[in-house]
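Dropping the structures in below, format is structure tokens.
In what follows, chain A forms one complex with chain B and a second complex with chain C.
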Partner chain A sequence: MTVLDSVLQILVSGITLGGMYAVSAIGLALLWGVMGMLNMAHGSLIAIGAYASVFAVGYLGGTWYLGLPAAMIVGCLAGVLLYFATARWMVGSGQFEMNIIIATVGVAIVVKSLLIIGFTGYPQRQPFALEGGIYLGNVLVPYQTMLIVCVAIILMMALSWLLKATRMGRAIRATAQSQKAAALMGIPAERIYLQVMVIAGVLAAISGVLISSTANTSPSLGEVTMLKVFIICVVAGLGNIPGTILISFALAVLEAAIQYALSAKWAFPLLLGIAVMILIWRPYGLFGAARIRKV
Partner chain B sequence: MSARQNIALALGLLVVLAAIPLLTSSRYVLGQFILFFIWFGVVTQWNLVFGVAGIFSLAQMMIFAVGGYASAMLAFHLQWAMWLTVIVGGCAAVVTSTVIGFATLRLRGAYVALLTLAIAAAMQALIIADTDCLSFETGTCITLTGGASGLSRFGDFGFRELLGYRSAVLGEYYLGLLLITVGSAFAFLIINSPLGHAFRALRDNSACAAARGIDRIKYQVMVFSLAGFFSGLLGGFYAGHFNAIGPSILDFSTLLFLLTSMIVGGVGRFWGPLAGCAAMMLFDELLMGLEEWRAVGLGVFTVVAVILFPQGIVGFLESGELRRIGSQLTGLSAQIHHFVKKAPGQ
Partner chain C sequence: MRDDVLKLDGLSAGYGKVLVLRDISFRVSEGSVVGIIGPNGHGKTTLLNTICGFVSASSGTIELDGGHLTGLAPHQVAARGVVHIPQGDLIFPDLSIYENLLMGAYLEPDGAVQARRLASVFAMFPKLEERQAQMASTLSGGERRMLGIGRGLMRESRIMLIDEPSLGLAPIVVEQIYDTLKELKSQGRTIVLVEENPSRVVDFADEIFLIDNGEIVWSGQASEMEENENILETYLGG
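Then we have the complex of A and B:
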């Protein structure tokens, strides 16, 4: 294989990973940006989405592509449930930032155990997958990769339209900028929070379907992904959506390159090491604005 | 509560805990108590960093693991005595903790949480990835850290030879009790010393504290170093007690169990770690028979506890809330009493 082939190979797997990470990371960044909520149940939402697709296609016997809408519906419900189980009772309280972490951790434990009880702990195949691919030179580009990248791009465009052009999006952005000012303009914060939770739930569920289509569906699927997505969000600067998308792809290509050049076992520790270095260098992430607190 | 009341309560509890082996000789019960001592001790130190100093560090289990691994590796590869390696483990933990204190200096809030989480995850990933053989012993590959399966059978505290097989657990029980007593006394001193006041001032309003001449860098690094020592000692004690250590102590679930204990008990409060660890372990024990539903119950308990007691159990007890409910109950019982007394006459 030539150098060009190697680079192409790294890019193909990097972009696949990046698409999946980006979809997941946007939801997390949105929750942080709007509510200041670090959602530890994000991994659960990812796993719920993956299992929703498995259930709709594998157990109920739908066609393979029905997995995605099934995951979206279940992800939406999961977002609503998560809001009413946790954030609804805490938003605005002094210890919100800390207590929401613990509450969502509790939810994550419950969801993981329920998934094990319902679907057993054994990995299952994700039906939302395409066989085969085309050759670009010597490099095989699977159809699955193209499917993942297409879904990711469509979602990002849809979200950016939602946030930029709709009334709801304007309200969400206003609340993110200043909840108090937005409330004074008549935007009910609680409704915005619920909407953001639903958006995050749907995005996480879809990313769960995409991620499990390249690996397997298992109850702990979300945990490793969640950690990577967290790293992406902090390296980009929490709450910064365009930065998050860029870093998703950058770190994913980096991960693919390390996997290709060294071995798979070094990819995760090295990635973490790089993230730690970046944070020490830039404490608010690469694109996060340092919030200067006035006394 | 005044300092004197706190000390009286602590001494009373200490007597009760010291008397427990007189009441039961069940190895299971004593073992659970030792585990409780370990978790309670770790959460006490974590509470100093997280609750008192207000630094969102999630590196606590990693510091604990450094202490545990340092003592286990010295005992395993160099055959050092466990008593000595535990001390070395404590010192190794201090170094690690201080470095983390420096690394997180410029970060705030959730960034600290995620950075420290990333460091802990990196350590676990590196241990699991450690497959290079250091030496061969009877055909098995011995790696530096033991890799995914961990290290075991490297020695213990020698209570078995000293006290006999049956009473060995007693030695470890009292050693654990000693460790948490010293650790808690240390935490109590910190919380009530000028150092503790400085931490609280920095947590509540760092700009104002800095203007009064409190050096945040100095204090942050200091709290990390101090809390690191006992965490490391406890890590070594854990390794010696179980005579084994593995990467699973760095599992997310263990970290979260302890974090939940700290929050449920009451962050930044002296009695918080005790109340939280006791509540979580008791609840976990109660759900023992439920098998796979046990984790579900624990998760639900966590969510409900955080929603009902946002200040933790100790915070709830300290606030006037309990007295209010109490007076309501007395009022209610007086009404019932009144009603019952009136009833026969009708």
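Then we have the complex of A and C:
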């Protein structure tokens, strides 16, 4: 292995991780950016998405790629349910940001129990996966990596289009900037909250499929991922979507480098350490300004 | 008699237990301009915010074209045809000027109507057209005010509530803003205009209400106001 091979190897795994993290992190960042919601049930949405694919393909016998639309549909429904279970009753309440944390922690506990009852606690194989790959010099680039990166790029482009070019997206950004001004324009905050939770649900569910395809599907899948994704969001500056995407890839490449140079068990502690140092240097994250949410 | 567009009856409102407005009653008839003046901190903004639904009334009623607004959420009040151009503009800083204007037309989904309104706003404020692609946060105070007014003109309204349009602007810009307001008046729009400084309002409004400590202490035609200079002196320090 030459140095070039090592670098290539790190980039390939880093970009794979980065694509998965970005899709997941955007959902979390969007909820915070638009409604000040720290969604502690984000991990549940991730796990639900992974199991939706397992169920559609493994249990119902669909073709492997049907796992993705299955996850999207279930993620959409999960977003609606999460809205009606939590935010619906808290919009406009004084302690929204605190109440929603408590409520979503509760949801996360319930969802994990339900997943264990429905699918047992044993890890299962994610069917949304491709075998094989191509060699770039000595480095194998798995087809699965390309699939993940493609899905991630398409999703990010779709979201960017949705937010920039549609009436709904403009209203979402307007609400993020000033809920009061948005109300004067005739935009109901409740409708926007529901829309954003559906978008976050779909993105998280897809990320669950991607993430479990490189590991396994288990009821605690979302918890580990959510911790990493949360670190990404905080380092980027909570709520800043372009920054979140950039940091997803930066931290993922870093994680891949640590795994390659040291070992997998060092990756998380070192990442956490780096995140803490960045936050000491810039308490509102690299792209965040105090109390300003940007979508 | 022209029909009343807005009718307030015994309206009281405030924040928490603190009552800011007490027993406010007045009517605004179709096509008229009502000026509300009064010293700083005496409830003018609270009055407009109660009409538009930001502040809930503790007693009394608000009617628009005979239907109740009392108890409605701000987006519902907006949908009934109330356009509120708030104090401090409340524009969307990280949307472009064009997008800010489009948000004003959120309740007007017809693209052709939107385009027509956009053209007339641009005709009124050519600067907004020149800079339509810029972020609203790059605008000067006067341009923001223009954007706030322009955004309010992007949809059909039964009544416009305009809060201190001259606040914080250089005299020459205030002049421009009032030229625009006069144009709106000449279009026959129904307007409630709030100002702390009465000098502009006197030759713009048809009827004037003086608010002091949350109560209407004087009302009359603008011309009567000039005759009653002692009113101004008592409440506004001359």
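Simple rule for what comes next: the second predicted complex is superposed on the first by the 290 of 295 C-alpha atoms of A that agree within 3 Å, B and C clash if a C-alpha of one lies under 4 Å from a C-alpha of the other, contacts with A are read in each partner's own complex, and residues count from 1 in each chain.
To be clear about the criterion, contacts are C-beta pairs under 8 Å (C-beta built on N, C-alpha and C of every residue); 3 or more make two chains touch, one makes a residue touch a chain.
Just so it is clear, the model here is predicted, and its values are computed rather than measured.
So in the superposed three-chain picture, is A:L114 touching just chain B, just chain C, both, or none of them (first/second/both/neither)?
Touch status of A:L114: first partner only.
Taking the superposition on A as described, I'd like to know which of chain B and chain C A:L147 touches: first, second, both or neither.
A:L147 contacts neither chain B nor chain C.
For A:A103 in the superposed arrangement: first (chain B), second (chain C), both or neither?
In the superposed model, A:A103 contacts chain B only, not chain C.
Return first, second, both or neither, reflecting whether A:V23 touches chain B, chain C, both chains, or no partner chain.
Neither chain B nor chain C is touched by A:V23.
Which of the two, chain B or chain C, is in touch with more residues of chain A?
Counting residues of chain A touched by each partner, the higher count goes to B.
Does the superposition put A:S93 against chain B (first), chain C (second), both, or neither?
First partner only.
For A:I232 in the superposed arrangement: first (chain B), second (chain C), both or neither?
After superposition on chain A, A:I232 lies in contact with neither partner.
Looking at the overlay, what does A:W266 touch: chain B (first), chain C (second), both, or neither?
first
Contact-wise, after the overlay, does A:I211 reach chain B, chain C, both or neither (first, second, both, neither)?
Neither: A:I211 stays clear of chain B and chain C.
Same chain A residues contacting chain B and chain C, which ones?
Residues common to the chain A contacts of chain C and of chain B do not exist here, since the sets are disjoint.
Write out the stretch or stretches of chain C touching chain A in their complex.
Touching chain A from chain C are residues 52-54, 73-75, 78-79, 84, 86, 90-95, 99, 102-104, 106-107, 109, 151, 155.
Once bound in the complex, which stretches of chain A touch chain C?
167, 170-171, 173-174, 177-178, 180-189, 294
For the complex, give me every residue of chain B touching chain A.
56, 103, 106-111, 113-115, 117-119, 121-122, 125-126, 128-129, 207-208, 211, 252-253, 256, 259-260, 263-264, 267, 292-296, 298-303, 306-307, 310-311
Per the contact definition, I'd like the list of chain A residues that touch chain B in the complex.
Going through chain A, the ones touching chain B are 32, 38, 40, 85-86, 89-90, 93-95, 97-99, 101-103, 105-114, 116-117, 223, 227, 230-231, 233-234, 238, 265-266, 268-269, 272-273, 275-276, 279-280, 283-285, 293, 295.
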